[in-house]
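In what comes next, chain A is part of two complexes: it sits with chain B in the first one and with chain C in the second one.
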Partner chain A sequence: MADDIHGALREAIRTILPDVECVLGWGSGPDPLRSAPLFMKSPEDVERFRAGELAVNNLAVFLPEYAGRKVGIVVKGCDSRSVVQLISETLVKREEVVIIGYPCRGVVDVAKIAAAIGLGNEDLEAGLVERAEVNGDTVSVTVRGETKTFPFKDVMAAKCSICRYPNAVLHDVFIGEKAEAREDSYADLEKYEAMSLEERFRFWEKEMERCIRCYACRNACPLCVCRDHCVASSREPHWLSQADSTRDKLFFQLIHATHLAGRCTGCGECARACPVGIPVGLFKRFINRAAGQLFGFQGGLDPEAVSPLQRFLVDEPTIKEKEWK
Partner chain B sequence: MRIGVFVCHCGSNIAATVDSAAVAAAARDFDEVVFSTDTMYTCSEPGQTGIIEAIKTHALDGVVVAACSPRMHEPTFRRAVERAGVNRYMVEMANIREHVSWIGKDKEANTNKATELVRMAVEKLRLNRPLFPKTFKATRRVLVIGGGVAGIQTALDCAEAGLEVVMVERESTIGGKMAKLDKTFPTVDCSSCILGPKMVDVAQHPNITLYASAEVEAVSGFVGNFEVTIRKKVTCVDWEKCTGCGLCTEKCPSKKAYNRFDEGVGPTTAINIPFPQAIPKKAVIDKEFCRYFTTGKCGVCAKICPTGAINYEQQEELAQEKVGAIVAATGYDLFDWRAYGEYGAGRYPDVISSLQYERMLSASGPTGGHIKRPSDGKEPKTVVFIQCVGSRDASIGRPYCSGFCCMYTAKQAILTKDHIPDSQSYVFYMDIRAPGKAYDEFTRRAMEEYGAQYVRGRVALIYPKGDKLVVRGTDTLMSSQVEVEADLVVLAAGAEAARNASGLAEKLHISYDTYGFFVEGHPKLRPVETNTAGVFLAGACQGPKDIPSSVAQGSAAAAKVLGLLSKDVLESDPQIAQVTLQRCIGCGKCIRVCPFQAIRETDFRGQRKAEVIEAVCQGCGLCNATCPQGAIQLSHFTDNQVLAEVEALCRC
Partner chain C sequence: MNAALKFLPHEHLKAWLEELAGTMRVLAPQKEGAAVVYRAFDPSREPELIRKPTESAKHILFPRSEALFAFHKKKAPFAPDSLNPDGSQAEKEEPATPAMELTPPEQPGPTVVFGMTGCDAGGVTTFDPVYGGRYQDPYYLQRREATVLIARACNEALSTCFCTWVGGDPANRRDADILATRLENGWLLEPLTERAERVLGSTLLGDAGEAEAREAEALHAKARAAIGEAPDLTGIEDALPALFDDKDFWWSESAACLACGACTYLCPTCHCFTITDEKAGLSGVRLRAWDTCMAALYTLEASGHNPRGQKAARLRNRVGHKFAYFLKNHQGRISCCGCGRCIKSCPSSVDIRRIVLNALKRAKGKEAANG
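Moving on, here comes the complex of A and B:
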């Protein structure tokens, strides 16, 4: 990402700092490749701020905790949709958040890079990556003194190649020229839909076998606001047993997906957070497409909108029930 | 828990395809079941006694009845266990009739399925808890919406029995369609002579408050305690002052206003009183035609009115009424026959609707009871009636029979002969439907005594020829083409739901069918109830109905209201939503999704939480299904109860 944008972003953050409790952004993480959330309270903190292709996390996940206090947040396009969805659900108040947007050309998929250098995601111990740099269209990573360079598009997150909203859909400040939107035809789902139900079930059973029930997927989701009250760990109601069974694990994914129906903005954090690489985002992709087809609705675009499954209408405008024969 | 299971034979209804004894035997192995048996008719007196005795002998604290639909007999069994001292919510039903015996013939499969359903019911029951209704005070007043003959009947019956009645009618007078009719079948007595006195009674009854030119704007609350907002439309006349003298209508210079009461047969004045017997007899200005509004100058009526009632600046007003029950009696409207291109789609002036013809026949109507062709005012000699216009025609989305058209067409054919003795009537019909008392005799009289020519078949085309209309159709009995040169064609337009009936249904939270007619609680056993407690139906709003049936329903609805409000206190259903405060994170999803606005946000020690307004909750369960962490649970249908049923089923 260009230095002038970084500079302008830092300037914008500094400008709002006096008005807010803190500004959420990114700083360096366990190693140069990975970013970590940065909670900026002072101008010195702002020096450590970085955005761009390595700014992967969706910081909207922290917003509901700040209810009642005013905060700033720096957002990519996808992050901004989470903020919008939270506002539309009254979980975040518009007047309590200052949104700073910038054009996003995509972020890296750390798991893809790890795989390209012949490592598993779980092998990426802190400090292993010595250097990471994005130069125009390439990404260079240095591990154990050896530098490897990849075309950015090869290691870009899958969600970014189909991103329709690379610029913040809602913002108070926007720094830089708007990035170009891409198209999403849900082509990735075709492969799974071609499977028979039986095959699909086997596929998921196999995937879910790896699940360690860490609930990182849930905790990373900015819209999973139940936190400690999640049904996954309650007896009253008792939706899931604590048994180490694949079916219970799969059931949790289905619960997560249905709870996100008509709300999920496709930020991809759930799948990214999974330490064992289960493609849990697919469930939500499937339901997101259905919400679009059925209700003409996508989450996180309009702060005034109410998700179709979060309201009661006698007649859904897109479902002409009375004309059914 | 000590559970008893009773498996019904329902005579042979169940036993023919389900081995009830085997189901009972299998149930003995289920957890906590200490007694099970099969009975011939569980709902019968001995059947219920059997349950009560078993409860006493085996110290049961829960009962599963495997029989018919709970919609049928759940109340029966709840009362039975209550008589034995067990809480009424400690009963579960497994529907092994509608869900099993009636839909499958394979006895072995049916028996297995019945056993599974019983297992589910047992698992659910194990998590049931005694529930207790709360009592609340009911408002002993009733709202009647629609002042047709059905609504009038309801209002009078209720008022006579001592209830206060609020009637809301959207036109400026009550009377509905019946007020527009000349004579009524099958006795051919004068419509306004029999309706008029009832209308006067409505006006004069001390217990009835009438809002005419008004509509229901909003309804909130629940059975026993509805809050109704009534929108009084702008009439530009202060009805407190208007005496109905009619001077204004005599002097109004705008004499070409559309006459709604006369269905457009003959014009009226911009300020008008629909008909001499109107109740209330008050003038209304039609702004579309009033010169004061169209040209800004006039004010004749304001000058002439002896009481100074005219108020061009009048604004809409809202009124509030509290009632305990609501009766919808909004009737029907006529199908717009212009949908039929083959009948001229409204282009030929001498093709008119049956209701327009009624106005022509009426001595107090626009033609003074003379039948005249709209085109040239001549008396027609050949009159063709076409039945089923907009009825029994799936191609225009009206597959149902309107019920009364066969009868009124026969009536109109008879009256035509009375008015014009040298006339000849032809009636094109599909079938004659005259099943009421003295009805078939009546249609026969039209044919035999009054010489009306009945032709069985549909009309394919009407086209003008000189000053006549050629009606071309097929006689399906003779298999021949028929052509009649008619002076006047009367279309028996079918009935459809009253304008915007669906909108009202939504305000009342009642269901309506594809055609907009309101849906009764049960087609046979709850004909005037709806599935919303405290809301009842009367007359043609539930489906096309003639006057005798509408009046009968009007009285039936009144009886239901009187029964309901005979007590000052009503019991609330405890099957409602409840919030577990510790679990609720105050996300507000339940608040947004509740169709009855039964949940509000509260502050609990500084935290945002949801709270159910118990009396308003209808127990629909939407909030329960929406709350992601299950913090709001529907009593008697908690997640755990439903999950237990699913588990039981998956275990089989």
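Moving on, here comes the complex of A and C:
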């Protein structure tokens, strides 16, 4: 990401710092490829701020924790939609958050880089990366003293190549020129839809087998708002058993997806958070598309809107009823 | 030099594991999607012996969820009131007491784990005093005794590895039954306990000597150097309790935490569980399943009160347990083996090393300020 945008972003953060408890942004993580959420309170903290292709975390997930206190947040396009959805659901107050946007070119998928840096058929780990650099359209990564360069688009997160809203949809400050939007035709789902139900079930059974029920997918989701009161861990009601069974694990994914119907903004954090790489984002993609087709609705675009499954209308304008009722 | 060193040429690895699979359960790391997990050895696939397993091996000895027993409640037969022919009340039979039938679960038989990391073996020996000390857990102990652990020496360290900070070593000889080192032409197998004998009788194994031992040592030294100097953690068991009420410290350290269970469930040393009865009608099973101190439910009391309502208090418990309370209960042993999974797989990049170092620094600062 260009230095001048970084400079201007830092300046914008410093400007709002006196009015807020802290500003949520990104800093460096455990290795050069990974970033970590950064909670900036002082101008020195702002020095450690970095945005751009490695700034993967969606910081909107933290906003409800700061209810009643004013904070600032730096957002990519997708992050901003989570903020908007949270505002529309009254979980975040508009006046309690200062939103700083910037044009997003997309973020990396660390797992894709790890696979790409493999030598021969050995796929390596992000934890071996000694240096990482994004220069315009390429990513250079050094492992065991050897540098490899790949086109950025090859290691970009899947959500970014189909991103329709790369610029914050709601912001108080926007730094830089707006980035170009892309199209999403849900082409990634075709492969799964071509499977028979039986095949699909086998696919998920195999994937869920390695689920450790850590619920990182749930907790990284900014719109999984029940937090400490999720039915998945509750004994009362006792809907899910504690057995180590793919049935219960899959059941939870279906609960998550249906609770996100028409609310999910496609930030992809559920799948990114999964430590064992289960593509749990697919469930939400399916259900999001359905919500779009049925109700003509997309979450996270309008802070005044109410998601279709959170309201009741006698006649849904987009659903053709039977001729007589 | 250890005369019992064995050498397994690379081309014999699968044949050897297959041979073992004839009489025991053989588990090895296997690539699955983007992850590396432990699976029953499958001769049609290559075990993954370069990348470090995403999950730890603890579930082999301490399953994610296990049946402690199955139960079936037998209802007393129904004894209806009845009348004598003259209309008087007949004497009622004493109802039989309802009986509870308990069935113990089946336990896996002899098992061998090939290719766990040395730090994972360190995880196992932190379990031992918990489940085989003052409290003897028959389920754990049965599996522990039936399992041969073959740890492989690490030839390189990840950015998140820190076994040497906590008494570990990339070539860990303290905790496993066998240390395996990948040499150029094969695996060097070094038996460390008596259990090792159960798997080293094969004719596929040759003897190894000085040369192989030297080659292995050189690799071990290289891996050690890659991890770098370990900081001195002396005093951490007092530093953490001294910061127990330091809200600013724990709030700032936990700011990025999502309070999920990835860190604790991937951790080789986390050993907490919860017990639930899963029942339908009169039958059911009592399950013991993993639990995590990062979850709200972990400390939720029946009254509704939760002494660790906030994630800061939960993170404090995770770090405090590993680097302070456990040491006090178990002869100074740190219940972290430095595998770094909690850092590597944390969706928010929370780094336990940073928390521990910051705690030491902050406690020292406080002490100095208090004179």
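By our rule, the second predicted complex is superposed on the first by the 311 of 325 C-alpha atoms of A that agree within 3 Å, B and C clash if a C-alpha of one lies under 4 Å from a C-alpha of the other, contacts with A are read in each partner's own complex, and residues count from 1 in each chain.
By our rule, a contact is a pair of C-beta atoms (placed from the backbone, for glycine too) under 8 Å apart; a residue touches a chain by one contact, two chains touch by 3 or more.
What you see is a predicted model; the values in this text were computed from it and never measured.
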item	value
Side-by-side fit of chain B and chain C on chain A, or clash	fit
Partner chain in contact with A:83 - chain B first, chain C second, else both or neither	neither
Contacts of A:55 with chain B and chain C, given as first, second, both or neither	neither
Partner chain(s) touched by A:127 [first = chain B, second = chain C, both, neither]	second
Chain A: partner with more touched residues, chain B or chain C	C
Angle at the Cα centre of chain A, taken between the Cα centres of chain B and chain C once the superposition is applied, in steps of 10 degrees	110
Touching partner for A:306 - first (chain B), second (chain C), both, neither	first
Contacts of A:9 with chain B and chain C, given as first, second, both or neither	neither
Contacts of A:215 with chain B and chain C, given as first, second, both or neither	second
First, second, both or neither for A:63, with chain B first and chain C second	neither
Chain B versus chain C as contact partner of A:314, first or second or both or neither	first
Three-chain overlay, closest Cα atoms of chain B and chain C, distance in Å	5
Interface residues of chain A shared between complexes with chain B and chain C	227, 234, 238
Contact footprint of chain B on chain A as seen in their complex	89-91, 225-227, 229-231, 234, 236-239, 259, 306, 309-312, 314, 322
Residue ranges of chain C touching chain A (in the complex, touch as defined)	31-35, 37, 50-52, 54-55, 63-65, 156, 158-161, 252, 255-256, 258-262, 264-266, 274, 276, 278, 287, 289-290, 292, 295-297, 309, 340, 343-345, 347-351
Complex interface listing, chain A residues touching chain C	29-31, 34-37, 39, 57, 61-62, 111, 114-115, 122-125, 127-129, 144, 207, 209-210, 212-216, 218-220, 227-228, 233-235, 238, 241-244, 269, 272-273, 275-279
Sites on chain B touched by chain A in the complex	506, 514, 580, 583, 585, 587-589, 592-595, 622, 626, 628-631, 633, 638-640, 643
